[in-house]
Amino acid sequence: MDTNTDRRLVMVGMMIAIFLASFVAADFDLLQDVCVADLASGVKVNGFPCKSNVSTEDFFFAGLVNPGPTNNTFGSTISLAGVKQIPGLNTLGISMARVDYAPGGLNPPHTHPRATEIVYVLEGELDVGFITTENKLYAKIIKKGEIFTFPRGLLHYQRNIGNGPASAIASFNSQSPGTQREANALFAATPIVEDVVLTKTFQVGTKMVEKMRSRLAPK
Amino acid sequence: MDTNTDRRLVMVGMMIAIFLASFVAADFDLLQDVCVADLASGVKVNGFPCKSNVSTEDFFFAGLVNPGPTNNTFGSTISLAGVKQIPGLNTLGISMARVDYAPGGLNPPHTHPRATEIVYVLEGELDVGFITTENKLYAKIIKKGEIFTFPRGLLHYQRNIGNGPASAIASFNSQSPGTQREANALFAATPIVEDVVLTKTFQVGTKMVEKMRSRLAPK
Amino acid sequence: MDTNTDRRLVMVGMMIAIFLASFVAADFDLLQDVCVADLASGVKVNGFPCKSNVSTEDFFFAGLVNPGPTNNTFGSTISLAGVKQIPGLNTLGISMARVDYAPGGLNPPHTHPRATEIVYVLEGELDVGFITTENKLYAKIIKKGEIFTFPRGLLHYQRNIGNGPASAIASFNSQSPGTQREANALFAATPIVEDVVLTKTFQVGTKMVEKMRSRLAPK
Amino acid sequence: MDTNTDRRLVMVGMMIAIFLASFVAADFDLLQDVCVADLASGVKVNGFPCKSNVSTEDFFFAGLVNPGPTNNTFGSTISLAGVKQIPGLNTLGISMARVDYAPGGLNPPHTHPRATEIVYVLEGELDVGFITTENKLYAKIIKKGEIFTFPRGLLHYQRNIGNGPASAIASFNSQSPGTQREANALFAATPIVEDVVLTKTFQVGTKMVEKMRSRLAPK
Amino acid sequence: MDTNTDRRLVMVGMMIAIFLASFVAADFDLLQDVCVADLASGVKVNGFPCKSNVSTEDFFFAGLVNPGPTNNTFGSTISLAGVKQIPGLNTLGISMARVDYAPGGLNPPHTHPRATEIVYVLEGELDVGFITTENKLYAKIIKKGEIFTFPRGLLHYQRNIGNGPASAIASFNSQSPGTQREANALFAATPIVEDVVLTKTFQVGTKMVEKMRSRLAPK
Amino acid sequence: MDTNTDRRLVMVGMMIAIFLASFVAADFDLLQDVCVADLASGVKVNGFPCKSNVSTEDFFFAGLVNPGPTNNTFGSTISLAGVKQIPGLNTLGISMARVDYAPGGLNPPHTHPRATEIVYVLEGELDVGFITTENKLYAKIIKKGEIFTFPRGLLHYQRNIGNGPASAIASFNSQSPGTQREANALFAATPIVEDVVLTKTFQVGTKMVEKMRSRLAPK
């Protein structure tokens, strides 16, 4: 190998060094206050690794300003402001979401495996409720400016009972609360949950299970 | 007031002191290693207050030795060994359960809001699975001595697919994992979850909802 | 002592028993999903003991519906929806607040020792910022519907830079985030922080310290 | 440098990109429910980084089906089902183990620095016990199907007191409980713990220490 | 019952009320920053309930000023400054201790089930070490002003190797780290750990076990 | 492309492999007891990734032996022994510092966003205090060998009130407690906190703010 190649290898080494250095914080000290998610990192950890070039924008989000579309099966939509939308939330244990509801729209029963939720009504009137592991329902109608709590991990829902559209701000104590809509999980999972499980669980026939599956299939 | 009364009041004061002293640990130091649940305490806290007279029995349980009855709707039964059965588990973040299944018996889809679970098959052959918040099903058939994991807060189930009875040991990383069987929570809550929520959630008619309610009602 | 006294002592014993029994939960099982704060309990623990008669109202709060008064030194006011306002938040690790600002109003630099905060602008235009332990300021102007993050324990502030009143919803990942307004803590503590500490800290004279103290004194 | 080299450097850049991309998850969303250990990752963190291709097998383990060999110094063996055996346990805070005992076999006094343990007897009869920091022993004989608790960080042991082999399932609330057998740690460490420490600790002579060292040396 | 008795009962009721009121905080708000241990409370919880009359003294301790006596079996003594000595440490997760060593004195191998430790040498020269669960010893000689770390839950010791007395400050990240001296736990527990366990564990004869027991018995 | 280039690319690939291999642990098992910070890693996570070649030195620090310089604005200096000085502290949740004070020297009011602190006086006499979120000051004069507690996240300070130099050992329950000196944060941030915020916060004029800024500017 000639000296030309040597030089090239040195250059390549430098490229690698620069590339990897781009992972290295210019200011390691900032790590101690914040660990802004490096969403593009090739390394996956619990949450996200931290990026180096932190900016004010990492703590900001404008994606909840406008209502989301509600012309879907349930007449509701959720816009999440979690760690993927606000990288600065990484390691901080908090997130937000905006929920919009058409008249009669339902945010169907679901659980957040990793968070308690407080919901604040921006507009309209909602019927909200959660169910304990004792199968006890706590439900209430709440209006603009009022708030309600859904304890960690318990089934809950909201339904717009007003004549116009409704909207709410939800806050979670996790950077990534996760949402499991139980009906959809059971009837629209991939691969499917077998008929025999669903017929026994809901005490219905196979035909009914297939009907529910087709209606709850992702569109 | 005369001196007799004084003496009586002193005595009453002593009685109170003795009564309250009965709450006081003879050996406060033990608190540092264990905080055995005082299940009868008049004070309720997160978990349980600690009792004073700790004994070896507080860490022992024989209630999982025999199978539980499986002649019910789902053909399965769960015997819990949590903090209420083993007071010594208080503050320790762990518990166990035994699940018994009739042939074809199902431990229907449920979540534990506060725990991950590992299941170990004592006898028989089980079809087990969990569903992520992305509606992805991870399912597998497991046999005697094999184990499977259900991550915290996610929907999961087990079904006996063998010809005879089956049984399993489940371990949880919570002294009180909690169990929410979603179908029962939605169709058998008190007060009831309104029809309009359930028809929209499952995309079925009111009549169907009523049928499911009647079949899943507690017996 | 005569039998009369015996009877009386028995009665007193019963009184004590009844008094203490009033602490006893009717339904211990609910403890596992929620531990609603018993704000009136004679026992103080980290957070609050749990009460027995849980109701839907324990998870609800209407106190953020209307703006609070802003005719004060800073031209701003904070209405907290923490565990004392919503007993159901006990042990759940989350709370909310509404902040109202007069034109030019300032929520002065402060820390929350126990929480990260996300702020959502209900109305108006705010100049918001936080300062890291490296003395780096991250500041930005945010408008209606936009959100910004203040990492746990770091100094931050918001200022209304619009022409009319402004308001915001703040969410915290603690049932009781605590607020320390540093200027007020230093110049309006009881007992006072000695002059020699303040003159050296702020590099000003004693006279200046006294002036600041008088202006920041609680009214 | 010529254009050829440029092209080569671009290729090398692509190689690096591809190499690093191989770390990138196809489905980042799964991270929120599970973080399956990437046991082969070149990056070490607290626990393990997460891998990208999650499968059902990551949550399953068949290694506890059969008894382990017990023809050793203590007449017992431990088969662990922790995060290294079940990568899906990463971040989930739970693990299991199977312990087998020859007649008279002992699982000698040890601590788990990171876990409480519950033990369930599969077969046989065990004398089990733990010792508090007050040097109080809680010991009991337990039989098939019975369970006992060993609180986090405290010395404990099990001994087979039956005539035949015995076995037990142990569950831990850590993905990696760690085991420190104190006698072995002190008499078989590398480098050795000095004689003067051991003679004073156990109040024996140097000769005795050497004898114990030779008998407890790893084989 | 006559009116005298009524009056007395009312008085007794008042006494009880006053007694119990002494548990009630005058200033519930302080709970949010500190929860000073009520060491005399009749209610036991994980840690301690909080008292009402907080004073500066609750955060102060003078008990580490002077050396403790070292004329004992091991030639060392530990003075703890934990939550029982400094009630203000309750819920704060930190504590300190002073250790004094006679020449040749040993703080024998022990574990803290609930804390990592950093030791700072006040005076003298110490041989310090800890052993991992892989039976690897990390040992070093440290001098005045130097510090060393003992990771959570691992066996460790310190030995005075200087000619004069030595002393050290130990800091822990638990309000109540707990200390288990393994030799004493095994040979001086109540009730005793059976001979058969100890002979097998240490690979010595019964006679030797009895000798060690008698030498390590509490004096 | 010719075969020369191929060879070069293979070499480059090897270089990359070797580089990345340098991240790979020789002994993965140690991870379970300790995760010694790899301060030079190109990957940033919450805290630090773990390095592979752990040595006794990783748990040791001699940097607190000698006093630091105190000829500065405040007449005090802090020498930290955190995770960056003692890589072995990574994931262990503890650290130490030495503070030196000139006569009259002040460790000015500051908060640690992530830690409670206990301070132990090595030499001299200190006036120490903390302020709660209720603006209540707890202050006391402490002497050699005495200790005092500063609860997590609350403003606190120490001042040397003796005639000679003073020094103290501070222990924290975080590997990286962070320090925010509030006066400096507000008057010496980059970019600057706007005048209008500071004049309103401290109730002083713009001129005064500029004076304070110039005196508190980093030198």
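Per-chain residue numbering starts at 1, and chain names A, B, C, D, E and F are given in the order in which the chains are listed.
Here, a contact is a pair of C-beta atoms (placed from the backbone, for glycine too) under 8 Å apart; a residue touches a chain by one contact, two chains touch by 3 or more.
The shown structure was predicted, so the numbers you read here are calculated from the model rather than taken from an experiment.
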item	value
Other chains in touch with both chain A and chain D	B, F
Maximum centroid distance from chain E, chain identifier (CA atoms)	A
Greatest separation from chain D - chain, by CA centre	C
Chain pair with the higher count of C-beta pairs in contact (E-F, C-E)	E-F
Identified repeat of the B-C interface (over half of residue pairs identical), from A-C, E-F or A-D	A-D
Centre-of-Cα separation between chain B and chain A, whole angstrom	28
Distance between the centres, which are taken as Cα means, of chain E and chain B, whole angstrom	34
Per-residue multi-chain contacts in chain B, two or more chains	8, 12, 16, 32-33, 43, 45, 47, 113-114, 132-133, 136, 139, 152, 154, 178
Which chain pairs touch, all of them	A-B, A-C, A-D, A-F, B-C, B-D, B-E, C-E, C-F, D-E, D-F, E-F
Residue ranges of chain B touching chain D (in the complex, touch as defined)	27, 29-30, 32-34, 55-56, 59-62, 64-66, 81, 86, 88-89, 92-96, 116-118, 120, 122, 130, 132-134, 136, 138-140, 142-152, 154, 169, 171-173
Complex contact set, residues of chain F against chain A	4, 7-8, 11-12, 15-16, 19, 39, 42-46, 84, 113-114, 176, 178
Complex contacts: residues of chain B adjacent to chain E	1, 5, 8-9, 12-13, 16, 20-21, 23-25, 28, 31-33, 35, 38, 41, 43, 45, 47, 49-52, 90-91
Chain B partner contacts - residues on chain A that touch it in the complex	73-75, 106, 108-109, 111-114, 127, 129, 131, 133, 135-137, 139, 152-155, 157, 159, 178-180, 182-194, 196-197, 200-204, 208, 211-212, 215-216, 218
